[in-house]
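Shown below is the structure under consideration.
Letters A, B, C and D name the chains as they come in the text, with residue numbers starting at 1 for each one.
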Amino acid sequence: MEYYPGTGRNHLFVPGPSNIPEKVQQAMARNNEDHRSPAFPKFSKSLLEDVKQIFKSKISTSFIFPSTGTGAWEISLTNTLSPGDKILTFRSGQFGVLWIRMMQRLKLDVDVVDSEWGTGVDLGILKKKLDEDSDFAIKALCIIHNETSTGVTNDLAAIRGILDAYKHPALLLVDGISSIGALDFRMDEWKVDVAITGSQKALGLPTGLGIVCASPKAIEASKTSKSIRAYFDWADYLEFYKVGSYWPYTPSGQLLYGLRAALDLILEEGVDNVIKRHHRLGHATRLAVRAWGLQLCTKKEEWYSDTVTAVRVPSHINSGDVVRLAWKKYDLSLGVGLNEVAGKVFRIGHLGFINELQVLAALVGVEMTLRDVGYPVKLGSGVAAAAAYLQHSTPFIASRL
Amino acid sequence: MEYYPGTGRNHLFVPGPSNIPEKVQQAMARNNEDHRSPAFPKFSKSLLEDVKQIFKSKISTSFIFPSTGTGAWEISLTNTLSPGDKILTFRSGQFGVLWIRMMQRLKLDVDVVDSEWGTGVDLGILKKKLDEDSDFAIKALCIIHNETSTGVTNDLAAIRGILDAYKHPALLLVDGISSIGALDFRMDEWKVDVAITGSQKALGLPTGLGIVCASPKAIEASKTSKSIRAYFDWADYLEFYKVGSYWPYTPSGQLLYGLRAALDLILEEGVDNVIKRHHRLGHATRLAVRAWGLQLCTKKEEWYSDTVTAVRVPSHINSGDVVRLAWKKYDLSLGVGLNEVAGKVFRIGHLGFINELQVLAALVGVEMTLRDVGYPVKLGSGVAAAAAYLQHSTPFIASRL
Amino acid sequence: MEYYPGTGRNHLFVPGPSNIPEKVQQAMARNNEDHRSPAFPKFSKSLLEDVKQIFKSKISTSFIFPSTGTGAWEISLTNTLSPGDKILTFRSGQFGVLWIRMMQRLKLDVDVVDSEWGTGVDLGILKKKLDEDSDFAIKALCIIHNETSTGVTNDLAAIRGILDAYKHPALLLVDGISSIGALDFRMDEWKVDVAITGSQKALGLPTGLGIVCASPKAIEASKTSKSIRAYFDWADYLEFYKVGSYWPYTPSGQLLYGLRAALDLILEEGVDNVIKRHHRLGHATRLAVRAWGLQLCTKKEEWYSDTVTAVRVPSHINSGDVVRLAWKKYDLSLGVGLNEVAGKVFRIGHLGFINELQVLAALVGVEMTLRDVGYPVKLGSGVAAAAAYLQHSTPFIASRL
Amino acid sequence: MEYYPGTGRNHLFVPGPSNIPEKVQQAMARNNEDHRSPAFPKFSKSLLEDVKQIFKSKISTSFIFPSTGTGAWEISLTNTLSPGDKILTFRSGQFGVLWIRMMQRLKLDVDVVDSEWGTGVDLGILKKKLDEDSDFAIKALCIIHNETSTGVTNDLAAIRGILDAYKHPALLLVDGISSIGALDFRMDEWKVDVAITGSQKALGLPTGLGIVCASPKAIEASKTSKSIRAYFDWADYLEFYKVGSYWPYTPSGQLLYGLRAALDLILEEGVDNVIKRHHRLGHATRLAVRAWGLQLCTKKEEWYSDTVTAVRVPSHINSGDVVRLAWKKYDLSLGVGLNEVAGKVFRIGHLGFINELQVLAALVGVEMTLRDVGYPVKLGSGVAAAAAYLQHSTPFIASRL
């Protein structure tokens, strides 16, 4: 049997893949087509242009690879760096662990700053590292904008400010997989050199697209980068951009039409309204957690994430039980704790095309599940805290005014 | 513009049309086909057979008309009765009003028992009417099993018991539009002669099928019924059943495949489990209403409906405002109050393929909306009451044990 | 098992249901919604307005019933006529047979002019009948624009001309089920009083909508019509048009969105271009039939239908074998011969959203099947004749110029 | 505008992406889900197992990467080889050109045997190369089973025979992108070490999956391969196979469900019946080409491809005009000539879920287009030749017997 059906809707609150809107589903329900037909370049061009709006970038070049976020990590590294290049990065969550493992496999010389899971980039250490790097040996600074495993959002503006203060020429490579299209992201303003995201997060698509924006500086760097790359070489894309056929190999047609629909929805709502909505939903979720008397995995408010909330469970409870039971009884899909926080943390994803009542449903589900596993939360407590905030902050749906 | 989009899922809690499950959507996503091909009769036969399971009937004959519940009303009347025939029925809600209006247009001699909206069939009056009908002038007793406008479920077993006590030969025609497939319905045991439902209610399909089951007695009656009928004449269907091609005119192919998928889901869950689930969701909703300090439109517990809850608002509030605001702000679709209870009642539909968290989301939405319109409900109060009950009563999803 | 799968596409060439375009499929792939929401009236209004364009009518009122073409027949009759009213009509095909049977059931006084199957309305007889009707006893003239069982299109302009010449006040009721949206149809110019079509023909939708346009004269007539009607009473619709909520009972939402998409496609192509395309495809099909040395069921060129071609097989062949074998071997769905022409005729439907190569595929399939059943057609003969014509007459696809 | 619509179906006859069957479309029309739920491993396991049936392999290990065929090329090389490794390969078509370009980028030491486009692997040269390689310096032999740009199928059994005759230990890496699932492919029997395909070819899915089977010998080789790899490292997959969660990063859920449906269709038809069907359609196409008096790009019958036919046009005609005009006028999508044969060749893809009449439609379309561009083909000639063969060779559809 292919799946274990429940009745009604699955409540999908993992921090990606996220819920696919009906309009996106419709756009993808189409036969294959000849991507070499005269119709395809025009479509492709507008898509590559419009996707940059969620990066808030005008000067970068965008690429859409048939890949995932993991592939996009590789794209960001191999196109800009050479084996042996020194890079500085931070590790305090599972996606940091995995990206760094990739950097090492790619023979990059990674200087890893470890810190407690649930913390973000330590700006003091960053400064210290730059202090020590007066000869600019560091070729790239790699930052995960939003660490999905711990619910930590880093302050890119501050990081850019520090780099600027040091007049440091390092490339700024940013994993925006669980942020771009949901959190405030300003590629041009923050002088991010490579920013990446994946289709199954804020964009509400199936998995399968790795979306990459590269600054002119990153494009320039790629010309001398010696990392071996083939499938993931953006130079091939650039060549096909020049001749106007856009795709060096067969693109994922259906996903591109889905992306078109997703962008249309985002642009109709307004990128900044989308960001505000994510803040509302994130804040409401955190209010609920506080009402339950539980701690966030995230150590400080400055790092609170508006796309995912990682919740610590009391030590006598296994967070894996929470996730399993929520799925088995309420058809609620939560994120498990990964690696160091396995068993200690469960995660509520609240990104993509979702609204207030969807999130409130998840919060009620968590309340019930917590009681089921023996944590004596007061039913209604979290949802009431969240609803009180949302009732006041939620605007009317623009099209229905 | 064709619709006024919100972000994320619309929370559809009108008492029909109900939410379409993904499996049903998939089944309907198909090209047209030749309904005269050798493949179609076999499919049709199994469908006509299996649909009877939600009526709990083995001895009746089923019909699937390209129509709606309103059409099914007409089918039930014109196939069994003749102009001038005396029928007894009850009116205490909008669907009673409409069905009776149809009876009158069809030149039936309707004896209408009016009662307060929110009440069900007065069994005492029924007995009185039968007392007065010693010559069995009443040809049919027409009962709405579940009055969707007021949230009233009538006790068909008791009604049948009374008819039996009088040995009354009247046909028992039952509108099960918002009950069959969701509430306990026992066609054979209760000797219902014609029972009808529509595709967009418990079956979770789009509107477009009027589903009718007729007892042998009803089939017999149709042979002498003098009501004029053409499109809705089940005799044509019976003729095509005999020759094995099943459809006197083009059926709604996609809806039939959708019905197949919906029945498969229901039979997999188990008809009695479906009924229990509806009871859980109905009871939880009523607990929330009580916690809000509001009254049901339904006057007595014996009539409580497990598919729709009609909620009275305080007199200084217009229930239409509740419905409009819920839709405009939370993308929550509630049912308006109709006719006599317009402005006084809003309705929460909880039928079809929905689960606990979906209903709880609606309840939070109602709480927030009530506050928005000025009714000082305590946030979390209703949802907590509902959740407390659901947490204890909800079983694990069978396939996930 | 629900269907008997072949590999690849079924070649659907019955004269309805027709092929559903991808855009229409996408439009229908949506959850149910609240048809009482503030969004629905605006959508409904534009749909009711735009659908009149395929009728070429500005002055009529349109209705969209959850029903089929058969239901639309009933609507046209019961809304405008009273039992006992005299109507004149013609019978030379199966849909004539069925509509007349309905007229009789509805207690109308039908004067039927029979003629050989494959002929159209005998204008001489029509004149004779009108000659004999100097007191205007005839209340309605009922014409099937395109008789789907024999491939006969009647000349409505000529018929209107005759009525005008006699200054006859009879209502002109027209079955345009297999014509409107495909053949030239001019409701206002021809002063048609009620024109009907069904969703599964030229509109490329699933079965389930009966679409009706009524002239002001027909609307007027309905005010005094005494036919009993309930579900099919357009007065109820008119009442809801007035209050602006449009639907007296639950409409088929998905089909309405599909209709919107279908109309968009037709209006984008241009109604007159659609008509020209159907003429090209019909003419090409007839050229193939001639090349095969077979006869049309249609007796004279003046009646040739551009939506369906009924082909007579030689007497030693059973046309049912052609249809069965085409389906079993080539996944080609052809129309069977009905009633008087059962076994003698098979039908190629060529209406709706299809293009030249689709029809040519069907023609090759017919050639192969004819050989399979023992008729010695020269392979390639029909398709060559059709292709020779189509090569010269097919325009470039407008959007691809 | 996102696409340039024609009326009716696009006739998709590029050699991939191919037509998506309705059942596959339905299977993919689903929301995202949590790929870490307890339901996913069981589903994944059966899929990984069953996909091997189209490779005719029991002993290999399968991998499904979110990627394309180009990515699968990289997977096959980097997992088994180290920079500097000597590989032998053949180049006589565009996909040879591209794969070799990748090999060189990956720093492999490629010995390229060039031959005329339209020829296959020269077995004599292969022997000569092996003669010269008595010290087994060649680490891998890379073969494109079916060169999509020229319509050339290589004889893998013969190639394996030669390797065996020399007892040569080289890995046999095979690009089966446009063959596996359509042509006879026997991974175990032919001792293929890595075989790859893509989802958008014989499997009738959207682009987005690179499917790879690796022999035990290939898996062994990967343990010492020094090629840098990260996203494409199958060792990560093997690790997750071991722990039973199967996916080192987010898989393309919808495509996996589509793959399940595609495999179900193939297994229902029977792999060998699928292969026979492709042979029928390929042979029929070649008969048509011959009847038109045109030459294949493929030089000898032994290399004829049953998935794609590359047709040479007379020198005064530009094959690009054929492709453009077919698309603009008949909505027929053909493959263009690539690289050396640009302008000289157009291609008819006939792979995946298609049937006889679909291919015949394409053939008529080509005939018409050829006349349109000035080549005096006799209309009906090609299609008649193809139909004559197909009429005799096409079996009844198994489910419809």
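As a working rule, a residue touches a chain if its C-beta (ideal position, glycine included) is under 8 Å from a C-beta of that chain, and two chains touch if they have at least 3 such contacts.
Everything numeric in this text was worked out from a predicted model, so none of it was measured.
Colleague: Let me check something: if the centre of a chain is the mean of its CA atoms, which chain is farthest from subunit B?
Modeller: The most distant chain relative to subunit B turns out to be D.
Colleague: Taking contacts as defined above, which has more of them, A-C or B-C?
Modeller: More contacting C-beta pairs are found at B-C.
Colleague: Compute the distance, rounded to whole Å, between the mean C-alpha positions of subunit A and subunit B.
Modeller: Whole-Å distance between the two chain centres: 44.
Colleague: What's the distance between the Cα centroids of subunit B and subunit C, rounded to whole Å?
Modeller: Centre separation, subunit B to subunit C: 34 Å.
Colleague: Between subunit A and subunit C, what is the separation of their C-alpha centroids in Å?
Modeller: For subunit A versus subunit C, the centre distance works out to 53 Å.
Colleague: Using the touch definition from the top, which residues of subunit B touch two or more other chains?
Modeller: Residue numbers touching two or more other chains: 1, 4, 19, 25, 29, 31, 38-39, 327, 400.
Colleague: Within their complex, state which residues of subunit A touch subunit B.
Modeller: Going through subunit A, the ones touching subunit B are 1, 4-9, 11, 19, 21, 23, 29, 265, 268-269, 277, 327-332, 353-358, 360-362, 364-365, 367-368, 371-372, 378-381, 383-385, 387-388, 390-391, 394-397, 399-401.
Colleague: In their shared complex, at which residues does subunit D touch subunit A?
Modeller: Interface residues on subunit D, with respect to subunit A: 1-4, 10, 12, 14, 16-20, 25, 28-29, 31-39, 42-43, 66-71, 73-74, 83, 102, 105-107, 198, 200, 206-208, 227-233, 248-255, 257, 260, 324, 327, 333, 335-336.
Colleague: In their shared complex, at which residues does subunit A touch subunit C?
Modeller: Touching subunit C from subunit A are residues 22, 25-27, 29-31, 38-39, 400.
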